[in-house]
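You will see two complexes here that share chain A, one where it goes with chain B and one where it goes with chain C.
Up next is the complex of A and B:
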């Protein structure tokens, strides 16, 4: 206890195993299968593409298939029923062949889509590249113009500008393309901004590749996917808007289009109801196919998105043999043979914790040491019952005061949380709700754990904040999380954890995200609180310096297993496992011994 | 907070000026055609030029725009070229008709989307698939077809609701509700398709955040975590989508109105454009911009209340 080791490594925030598991899963999902192969395996993509190809091929072949011109009318055929020779789908109110007009309408839709989407892509991509790649001023101005475009109802503008466009659908779609451009602009700009600072672009710049070639080669390959997805949706919306405008009567009556046909069919609804049906079906088929194709493309390019699961359902526990051995039931916390797994995209379970045994007696400080991804945090989360939704506890038991925690519902765990077992997270800022004042969050926690009034809870929180080394507790109480520093936020979280005098405090890398000077203060605070409250502490860390400072006993964890455990003195004096030696070696080589007196002794004052 | 509001208001004013100016600029290229249309088949170059001079359309665009702007700021939007009626009252009257279908649709969209989105994000499994299915149907079926389909079923076949026409709220509230029912349903289905997916996505993201886990470790109830914490944080981005949804709905309403022969903004704008009634077109643009500005400002204010960080910018 006399030897104090100051960690000198700069606050490297070690990613929790959870995020590593997610990253691995994402990598497997986005494995190098070519996009077109993925799409071929997706029936939704195959069917929608086939439909679209057939429909637009019919459009191309119109001159060969169509029996009549689009505006060729035969007054003897007015409202001819479907099946009339030469008029397979009948004729409309002017005696024009509906089938031929449908075919011609496909071409109108195709041209509208080409113009609208084309303009949106050209304008959006160019502006996005400029806005993303060049400096702040350029970006601010492109940004501003595009957000202005987005705020005005496009359809109204298209109608208002009829005197200018003459209602010609091609001119209208040209303007509509500009109105669609902000969507593309956003996508391109964001991706360019992301890519721009990445190493390979820097490397390319250093190696003397010209700016334009950097943009062309590196950036465009990255933005390709999202743009193709957006384009599928844009083609759908240009066709829908063109139809809508034609339905309203914008543009020449000579141009055959779905909208014009629907409009004439709608007027004729009572006389010949099927006239309205054909163009509606075809338009519906095309837009639906495009939307569904867009969804398939999104899945293929971006992989599947996180799926929701029932909130408050408790941790998933695999079916297992009842092998609970009540060994160590007298300990405060006894973990036996704990196994935790995550499902892989292929559906198998990938074990990240492979049979962990731990024991903590009352008032004891146990250090759980290991590198990132060794399963330490997962073990801690399982004890609190807050494993991520995907995680499955495949085996083992967690006894707290002799009571089995594995398999408890969220509701059954709740009375234990805060009051019996509390938690201090790794990253202080992301663990405070950004929308609520610091004090309100702590008061809510205190009142969830203890039967106290709002006023009592507030007094308790204020006293605790002061006890945790915050100089102006009242001011911090009324601050929002973004208004306080990382070190302050960690003190706030510690106050929140000890507020209900828990019997066991689980601290997950409590100092990793903090500055070196603050780290020592936080460790001092933890030690003092532990002595004062007589609580047991499970401290999860990758840093032997922290362990040496605080712990009675140590358990070393590697790749989901405990490889060595013992008292702190034993482990430091004679580490047996190679991995422990390696970890110890790492700090003894790098660490500087602290020679200055402890920083800012925590002010005296008992907890209310 | 005051500087925040001032900044947003300033942005709105700039938007209003810019949109009306651009519209003016684009329309000015067609003034000659408009003059010819007004004069009809008998138009000659001389009479057209004379009308242009009489209307002041031969002056530099900037001068004309300045003129229009100063009158507009005093509340004078001019009179219609064809009917000689003052522009502002007729624009407002038409706008109210359109708003009377948009506002209920927007409220319904917000309520249904929040319920559906939160429900899907917190239940998962089958519930989630049902919610996603509902969204997809709304996405896949074009609003125009949905509108006509509902008219055919409820008005033509079942005769439960009027197929077309509009009764002002003040005349007969029950008839008003009947006349807006189908249009509101159509707009709501389209809106929910988009919004529910947004709320669901934001909620899933929020529920996976670190602070949610930390709140859970303090023993806070699931209801409080979902409603007070996750939903509140999801609310701010969802609200921005909501304001864009309003703009989109406004566009969709222009087409839907036509199906139901509602005397709204869409048909008014359409007729004015067809006739080249420049003062009316400008009035329509100006009120459109004012509406958008008001909606954006309201969005920003609620956002500032929801999201403490936003107040600083």
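Up next is the complex of A and C:
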């Protein structure tokens, strides 16, 4: 087995919050560095920024460097070749110095970009904040206006409006800025809609912070990054559009610009081929730098995300413990010395499961208990073979009916998963595809696990739904996930999980997201099904009440290790490990009440 | 005299779709909170308990009934008048992750309500340090961002933010349900301790009867937008009268296999009897 570690992994998207928590520590260090520092470390950003700074500095210094005015023509110099004294890059068809005109064009481009992008940003951000933050009516009207703007054919409109703008490229860019605004508006509005319902915005409102300040402080900070990125791209496109219009000969011929220069070089292509080259090169350099800078900015602001990790594409195994431990014949699942690690940004491995031993006999219910970050979910995911791609199993073995699961390919794991080993998730809703009917999803699952016809599968599913306590199975079968409640969704998933009569059911916090009365019903259902089918159950939970209700045996996990395990009765009666004692001690006493009476508020100002 | 008096509170949300009828989520709820007291509000998801809290906070507008704070009607207050209440009524939300702005340092988050109330930067800074001390966090937390803290620590920060303006009432919306067991206990102890020292009143919203019992003087039980039972915490949580409260009590699993078995049988018997 070879060890495959992706060296620059920053975030891990795993099916559990737990694994995220484990890499958070490393991520914190990475995300705390200010943006400019991150940009400094990115050669692409450093190079493009340097190029842009140099180019636009040349533009600013034009009056000092330029040898000639932009429209100063000398008929004796018509089409002078490069290298002519006083005309380093030659002269054009009117005898104007190409080098000087290039410098002046930089300024034209800069002004065009400033106006176009500036207008787009101001209009787009203000409208986006208003449209996103305020009520339905306001949003509907801004929406309507910007949709209308988007329907205008931009370039054509700019040409048609020439009589209005009088050929002044600055007026043209102003209009172009308005035409670009919907792009910014959309970005801002969507982000604001997301942020608006964040609890910290509510908290600010409760704190008496005014609407304007909330928009400026809490909302704008979130939209800042995406806007800077969009602006970099927009600067490039305004310069390109301005040049394009000038190339077409739209606008004043007096204004030096890349477009006008390319156009004149184009006409002289056969006489003086290099005339066309210089403005094109510089324009290309500027726009390419802007686009690449935009990409660098995106990486810096949003973090160069690793490809979304496909879950379950086989497990990465670092090394295999060859000393196979003999397991009792009745053990259905035996986990031995399991170690799971995640790569940190520095390339080291951060171990989240540090040598776990577990054994489940047939028909037994084992509770794996621990607090968040203890590695309990990771252990369960390893058994299912659905660890995120970045995860590395550094050591250990998982034997299911004597068969080694560690290192099995996804294809080899598939017949086991869903058929022999089934799974119930914590969030039932997110495990149902919202765009398919519940029944179709269940039928698909059943047919993947068992060789039955569609009709048989449907009958089976309907029977199972009824068995799982759903009153009108046919109706639920035809419902979309959003039409059923959370408790119902969990019943549906349980029905799907037990459809193939699995030997082992892994339930990851199966009732945590549910109301307590629904939880009781789901626990009843799980218990009944477990006895009926004689399956073994591995329940991952933090709730000792659930454990007491369901489990034969308990394993307590802390920081990647199992600190204590035993029968439920033993552990509840006489916990031995300090951590178990602490956990059990933290359970709020059923008989404890608040006994102290309300105290009168301290006089004003006495609170400190 | 009570601090907060809610009478016949009704809240409706606009229905989904064009010209859909509004959906009423609270059907006339009345309750009161005295100074220095904790009123526990228990109910399941969809019972409207969070909506009551949001109505008190001015985040949703009631469609009927009155909310009186210190004898003054605050139900429909908007804008400046409502903002004036922010030094009296504060909030601690459930989710310690989304209740703090991820890009603003703890110091700035805590200073925000103080500065809004007119404190100078220097006063605010000093007060922030004493607040952090009060909730048991080191003062170097000021410079750090929320993501550097665990869930329990974030909830302490949220509590510190609520304490900042020295409010008379804090609406606690499931403040401990997202926390680990051991953290949960410590945060609850902190809340009780603060109440004893400052005499702040809590409107404590939770789905967990056990949590509510440990922190509340009085308990109100909500079911589908109606209040079904209210009274002293001891009475409501150990000798409930309403069938729904009974069901709620029996449904919560206890961390004791034998006791849980007994409770399960009792619950099944109760369900069978009512069916």
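To be clear about the criterion, the second predicted complex is superposed on the first by the 456 of 608 C-alpha atoms of A that agree within 3 Å, B and C clash if a C-alpha of one lies under 4 Å from a C-alpha of the other, contacts with A are read in each partner's own complex, and residues count from 1 in each chain.
Convention: a residue touches a chain if its C-beta (ideal position, glycine included) is under 8 Å from a C-beta of that chain, and two chains touch if they have at least 3 such contacts.
This is a predicted model, so every value here is computed, not measured.
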| item | value |
| --- | --- |
| Partner chain in contact with A:348 - chain B first, chain C second, else both or neither | neither |
| Which of chain B and chain C A:419 touches, first, second, both or neither | first |
| Contacts of A:568 with chain B and chain C, given as first, second, both or neither | second |
| Partner chain in contact with A:578 - chain B first, chain C second, else both or neither | neither |
| Partner chain in contact with A:434 - chain B first, chain C second, else both or neither | first |
| Touching partner for A:515 - first (chain B), second (chain C), both, neither | second |
| First, second, both or neither for A:472, with chain B first and chain C second | neither |
| Partner chain(s) touched by A:404 [first = chain B, second = chain C, both, neither] | neither |
| Footprint overlap on chain A, comparing chain B with chain C | none |
| Chain A-facing residues of chain B, complex | 15, 18-19, 23, 26-27, 29-30, 33-34, 120-125, 128, 136, 139-145, 148, 152, 156, 200-201, 203-205, 207-211, 213-222, 224-226, 229, 232-233, 244, 247-248, 250-252, 254-255, 258-259, 265-266, 269-270, 273-274, 276, 278, 281, 284-285, 288-289, 292, 296, 306-309 |
| Complex contacts: residues of chain A adjacent to chain C | 24, 27-28, 31-32, 198-200, 202-210, 213, 217-218, 221-222, 371-372, 486, 515-520, 523-524, 542-549, 568-569, 572, 582-584, 586-590, 592-594, 596-602, 604-605, 607-608 |
| Residues on chain A engaged by chain B in the complex (per definition of touch) | 148, 150-157, 159-164, 240, 243-244, 247-250, 259, 262, 266, 269-270, 273, 276, 280, 283-284, 287-288, 291-292, 295, 305-312, 381, 384, 386, 388, 410, 414-419, 421-423, 425, 427, 430-436, 441, 444-445, 448-449, 480, 482, 493, 496-497, 500 |
| Sites on chain C touched by chain A in the complex | 34-38, 44-45, 57-59, 83-87, 89-91, 93-95, 98-101, 103-104, 109, 112-113, 116-117, 130, 134, 145, 147-148, 151, 158, 161, 163-166, 168, 180-182, 184-185, 188, 192, 195-201, 207-211, 213-217, 233-234, 237, 247-248, 250-257, 259-260, 264, 267-268 |
